[in-house]
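Below, each structure is written out as structure tokens.
One chain, chain A, appears in both complexes that follow, with chain B as partner in the first and chain C in the second.
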Partner chain A sequence: MISSTLILCVISLDSSGASVVGLANTSITVAGSKADLRGKIPLNELGQEISAPPAAISISAEDVAWDAGGVIKVSWQPAAGTTSATKWIVERSEVLAAGQGAGQGAGQGPWTLVAEVPIAETNAVVSKLSPDASFFFRVTAVSPNGSSAVTTTKSAATGHWNFFIGAKLPLFCAILLVSACVIYFILAARRGRPMKVRRIAALEAITDAVGRATEMGRSILFVPGIQDMDNIQTVAGLTVLGNVSRTAAEYDAAIEVPTSRSLVMEAAREAVQASYLAAGRADAYNADAIRYITDEQFGFVAYVSGRMVREKPAACFYMGCFFAESLILAETGNSIGAIQIAGTAESSQLPFFVAACDYTLIGEEFMAASAYLSGEPDQIGSLKGQDVAKAIAAIIIILGVVLATGAAIAPQGAMPAALEWLKGVLGS
Partner chain B sequence: MKRLVPMWIAIIAGFVMLLSTFFPITESLGETVGEIFNVVAAIAFVLGAGSLAKVNLAKISRRDQGWGYAAITLICFTITLVVGLGKIGVPQSTQFPLLGWSGEKDAEGSIFGWIYEFALVPITSTMFALLAFYVASAAFRAFRAKNLEAILLLSTAFIVLLGRTFAGVVLTGWLPDWASGLRLENLSVYIMQVFNTAGNRAIIIGIALGVTATSLRILLGVDRSWMGSGD
Partner chain C sequence: MRIVATDCGSTTTKAILIEEKDGVFRQTFRGEAPTTVEEPFADVTLGVANSVTELQELSGYRLIADDGTIIRRKSAADADGCDLYISTSSAGGGLQMMVAGVVREMTAESAKRAALGAGAIVMDTIASNDRRKPHEQIQRIRELRPDMVLVSGGTDGGDTKKVIEIAELIAPARPRPRFGGEYKLPLIFAGNKEARQTIERVFSGEGFALSVVDNLRPTLERENLGPARERIHDVFLEHVMAHAPGYDKLMTWANAPIMPTPGAVGDILQTIAKGRGINVVGVDIGGATTDMFSVFGGVFNRTVSANLGMSYSISNVCAEAGMDSVLRWVHLDMDERELRNRVKNKMIRPTTIPQTLEALVFEQAVSREALRLAYIQHKSFATTLKGVQQQRTVGDAFSQKEAGGSLVDNMALDLMVASGGVLSHAPRMEQTALMMIDAFEPEGFTEIAKDSIFMMPHLGVLASVNPRAAMEVFEKDCLVVLGWCIAPRGEVRAGRPAFDFTLRRTNEVVAQGQLIGGEMRLVRFGHGEVGMLEVRPERGLDMGAGPGKPVTREVRGGAVGIVLDARGRPLKLPTSAVERRACVEKWLKALEVYE
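Right after this comes the complex of A and B.
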């Protein structure tokens, strides 16, 4: 009969030289002892260690700098022989002020699991902690044979608030750069500097589409996407709606705007009413033509598709944020022979619109539509600023390609360092 | 004034949201703006429901073509609203057994949950399933070899399509290892990872710049057409 001895008691050395003796989840410290008993860990018949793994030698916790607070990095030093374990368990305990604890005195809260990390790793970033609250951390190695003794931080750590989130610095700089370009060209346009914008066929076709609907005596359908007013694409869609409805008012064509959000319905009504007023056709404005259907994606599509098949609008505009419904709408519009103009910044939906619509505003063209249609120098100037920012982005991309190619060809030269520097600057 | 107040609300809310992204001290302000938006959207839902009822009631009273559908819409709307708000058939919450209406509105056994599970989900799934047919008809039109660009598009689509099926492996599996890059499954991956990714990123960079410029125009009050006229 084969028998084996199971010893649950493991001993390892911590950073102070004291031995930490663990029995399951309990631990005692033997001060001053430096006896190494790891050699006495019993093995099974296959020569495998069958006792619990040794505890971490030391553990520390520090605040992560330049963050939004509530993030602490916990690091520990594993003892030799920890490789038999499968993972580390990291727990935290909040430092309680007087009156918060069970005994109503200052002390520690209960231990809560915050992370489980692979055994090869020696640190964990603990986030979503209460900012400016202090915590103790402890770590335990876990193996199929049991858990090591716990190793606890000697002092509490606090995830302090910082003035600025450092990880977002490249994004902040990029926004400042683009904003500076846009504002500079807006001011330049105000000073009378001529701005040239290339012709956008889809926007030029708006007048033709509205004219066609007028000639055919049919309505115009405008769908401002399926998202709410907190989506910039919906706002961009409404800016186009203002222009389309103004043209429709001038041509005396009926316009219908089904919406999938109540707030969008109200905003669309304001936009269309203002356009009818501006065109001197306030009497022709019909608020009921701009109606709320449902928030449900496919319920909305079912209504709009059915409406298209029954009413057969001569012109269909899809301007906003769309998802899977984009192709259903565009194909239905195509089947009834309507002239279709779409615009979205959802890159995954662009191929569907390109395939099924007559004209498609691709991404930035859609965002530029309002400025283009207004013809105002201020807004055209902003497009110029956007172009300059795009040129800067192109230069950075070319620089990155050259450096990456150079680093691949000559890995020992200066190129890899330059590439790493560029990556660091861009925050990638 | 009708234009000025919304414009300033948009400007202040926009800058608060922007600052809260970078400066933690303004994070709670950003959350407050988000909560205000949710409250406004919830209030606006009453207006939306009012519009729905008004339009459909008018259609019924005029006996317009398809007025029966309007009647069905209103009946379904009313039933769902009543069973949802009244929590009809909702079992009592085990957490708060003494409180009336403490169960979840869509808990198992509730009529609202039943409507969702056995009416709404199958109907929306049916609409979604139609997408397959629309994809086929759109692809048929898009891939007609009318000119050089269309031929290139068709060829690329054909490679990607075959490369993602077993047919691609069977057709070009005989190619030797030194020409393995020409196997359809590898060509498909190459097209998607290099050409498709490059084009997609170009569009995304343009969109990001466009979003920044549009947001700036609105935040600076240069573009006011989202409120109606630019006046």
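Right after this comes the complex of A and C.
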């Protein structure tokens, strides 16, 4: 499995991915509240008129293909002498119904600034337009000496919604690849191909913990977190509960499950009852041992801690979503000499569990527990397929790091181009 | 001082004479005779007297009186007789026990460890989680005919319910003992002290001789095997031996309690490990079973691999390991069909010995696999305690080790002792050394020795009476030092340097050189020689001080010398048959195994 370090790397990839998007859009700078210089002819210090740059010869606007609509590419042909200007201003206007828009061009509404681009550029991609709406565009060259005359598109352009968004093609390919990996490994596992999953000490220790409770004649305490069933960690915790209660049934040890949500109590009862049935000990199942305490975070903690101090369970399991109560519970369990096994994906609580518990399932280990414990080919195959996908992600991260480093060291080489290509693929 | 010691085996009774000369104890003579525990003799002392008579003939001392008893000296000036007589016994199948506990991996395992450590064969382990239904457990208990039962379960103040449940399975099942109907089956209870009263009530009926000792696991964090082991020895003498033919008489002859043979071997290995402060592994490979002993960090463990042996169990070794695994050690062309015939022949004629080089090579290949499998079993049994609370720090986040890890660490292993026919009676010492190295894969610096005439049982009992005598004889006469194995842990790359070595005697360089990955080399270093060996491993290879770090240690010479093994650990043989055979042949030549 990919370690949590890798997950952090993925996050950093996301951040760099975001920056790629930003870089791609730097040529289109949305204007702020800048002064409009058009129509004002500046004078020099002698009071003579200074000549403004010439207007663009022609302008056209066309829909960008394979997108979700709302993006139109505006292109223009600059006239000779435009080089004295500093930038182009691109504006758009909605198409108005007949009779509206007095004082404007035919069918044109008020003009809105949509982009300012360097003078060397001859096109601009205008985004965030309403899909399937039509717009006119005009462009003006601006210099310190004044603005050129406007050049307006002859007809309105419409950004059409497309079924397939071409920019998402790499993402589509990635999904296909991951799905293929998962399906391949599920099928391979079903065919009986051995799949190696590394030993997870915390899950192997379940029998030790239950055995300890059996030998000491004490109970097992299982806390499935403090969140409701809509939290995936609670679901993962209940999966582990199924295994723990099955072992407890086989060893004939008592198990107690306090919950802080009524729905979790019902689900936990189902899981434990199923385990007792599977172990052939349906008679030993005690529904009253799985009970709802309170939704109040610290009220729940107070009850569980008190119970631990009084009953001194020999094994404590904390599997689910925990917050401030993690250390309180784990320290109490440690003080009564119980074997403690915790599992959570809350990274802020992990250090407390690691320090105070005997074993801790960290992040993804907790999520993978179900496949690990059940050993079902579908689950194991899925786990393996995801691992392969993560390995591919890790390779891409390493490639990105190498290219970015290479590009920084040798800006003139092939590395920058390769880096841009990668950014383009990932940024899309 | 003159000591006579005997070991009454199933087929042979072996006697040795130990004498103190010039203040040093030495084993001087050895005799043996068939064991006479079975009909028509049905008196073990006859075989003892016969074997001691052979000692008498060889030594010239009169040791057997006219009435067949062993003569005792009244003073050191007496020419005849001995000062001390001791004995061990494994006749009639040794001590056979059934053990029970609450959780198979906890108290039941401790009970098994106690029984095995006392020298017993564990016939079965009953536990509440052994995945058998109560009627199946009862059926099994009824089928077994143990000499003794050991029941454990629950910590002190812990569970009583399940301990009593197990007792209530055993009591009505009434397992029948091996020795007759009048015999009360000894049952030792070493469980939760709060359950004692109930246990006494449950076993109060006829048929059981209950004795209660301290709990094997007073807490799960502590294992207390001593009282149970001692009680097993006592019960072995009081009940089991007393009912075996002639043992009542033999017990009156002996100056120390008669011990089960494997128990005595365990005792001497523990004495040696403690005395020299080392970690030891001992093996006794027999025809039907292989006994494995280890002392790591002062913790003694013994296992009996019941189906791994060189005659009765040879077929099982080939089946369990697979013929391919056996044949990977063979460098000669062999017809697999013929080998299978050879295996079956050995099974039905267990006393045959190899007559050709081919047969010898094959038998030694089988022994490597038998030893390897027995060692794997031993490693999985010799573990730290399970169910124990762990203490962690945040630094353990990514290295959470499980409880119940194996105590056996090949890098920490200092001495390997080989015994048993195929090892002790190999035509060349180099063969014994290589069999041990291939099967055990020792790492770092490991001394290899063999028990010259399987004297360890005698010395085990002697250690309880005269530890100095036992130690001196063990060092000087019992152990034949073969030499040292020097092997790095880690994967080597074929054709690339693995390590450099320099062997010095005082300031003189005896040998030096470089080992290439996959190579073996033998440096002859004779018995009694002592030198300093410096080994400088390449990066990634560990000689005990960490990867790539040099190690210098004192080494003693032996009959073989110093074996430098650069094959890497774990040991991997080439997959291609041609390459593998070439490799094996190269190693055999380097160590002069069959030359």
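Rule of thumb we're sticking to: the second predicted complex is superposed on the first by the 227 of 428 C-alpha atoms of A that agree within 3 Å, B and C clash if a C-alpha of one lies under 4 Å from a C-alpha of the other, contacts with A are read in each partner's own complex, and residues count from 1 in each chain.
Everything below uses one rule, namely that a contact is a pair of C-beta atoms (placed from the backbone, for glycine too) under 8 Å apart; a residue touches a chain by one contact, two chains touch by 3 or more.
Just so you know, these numbers come straight off a predicted model, no measurement behind them.
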| item | value |
| --- | --- |
| Chain A residues touched by each partner, larger count belonging to chain B or chain C | B |
| Chain B versus chain C as contact partner of A:Leu403, first or second or both or neither | neither |
| Partner chain(s) touched by A:Val114 [first = chain B, second = chain C, both, neither] | neither |
| Touched partner set for A:Leu238, first chain B, second chain C, both or neither | first |
| Partner chain(s) touched by A:Thr207 [first = chain B, second = chain C, both, neither] | second |
| Touched partner set for A:Cys316, first chain B, second chain C, both or neither | neither |
| Touched partner set for A:Ile362, first chain B, second chain C, both or neither | both |
| Touching partner for A:Glu215 - first (chain B), second (chain C), both, neither | second |
| Which of chain B and chain C A:Tyr251 touches, first, second, both or neither | second |
| Which superposed partner A:Leu350 touches (first chain B, second chain C, both, neither) | both |
| Chain B/chain C common contact set on chain A | 350, 354-356, 362 |
| Of all residues in chain B, those that touch chain A in their complex | 18, 21-25, 27, 37, 40-41, 44-49, 51-52, 54-55, 58, 65-66, 120, 123-124, 127-128, 130-131, 134-135, 137-139, 141-142, 200, 203-207, 209-218, 220, 222-223, 225-231 |
| Chain C - residues contacting chain A, complex | 102-103, 105-107, 128-129, 131, 153-155, 158-162, 217, 220, 386-390, 392-394, 396-398, 400-404 |
| Footprint of chain B on chain A - complex, ascending | 67-69, 131, 161-165, 168, 171-172, 175, 178-179, 182-183, 186, 228-230, 232, 235-236, 238-239, 242-243, 246, 259, 261-263, 265-267, 270-275, 277-278, 288, 291-293, 296-299, 301-302, 310, 324, 327-328, 330-331, 334, 345, 347, 350, 352, 354-356, 362-368, 370-371, 374, 376, 378-379, 382-383, 385-386, 389-390, 393 |
| Contact set on chain A toward chain C in their complex | 3, 199, 201-202, 204-205, 207-209, 211-212, 214-218, 250-252, 337-339, 350-351, 354-360, 362 |
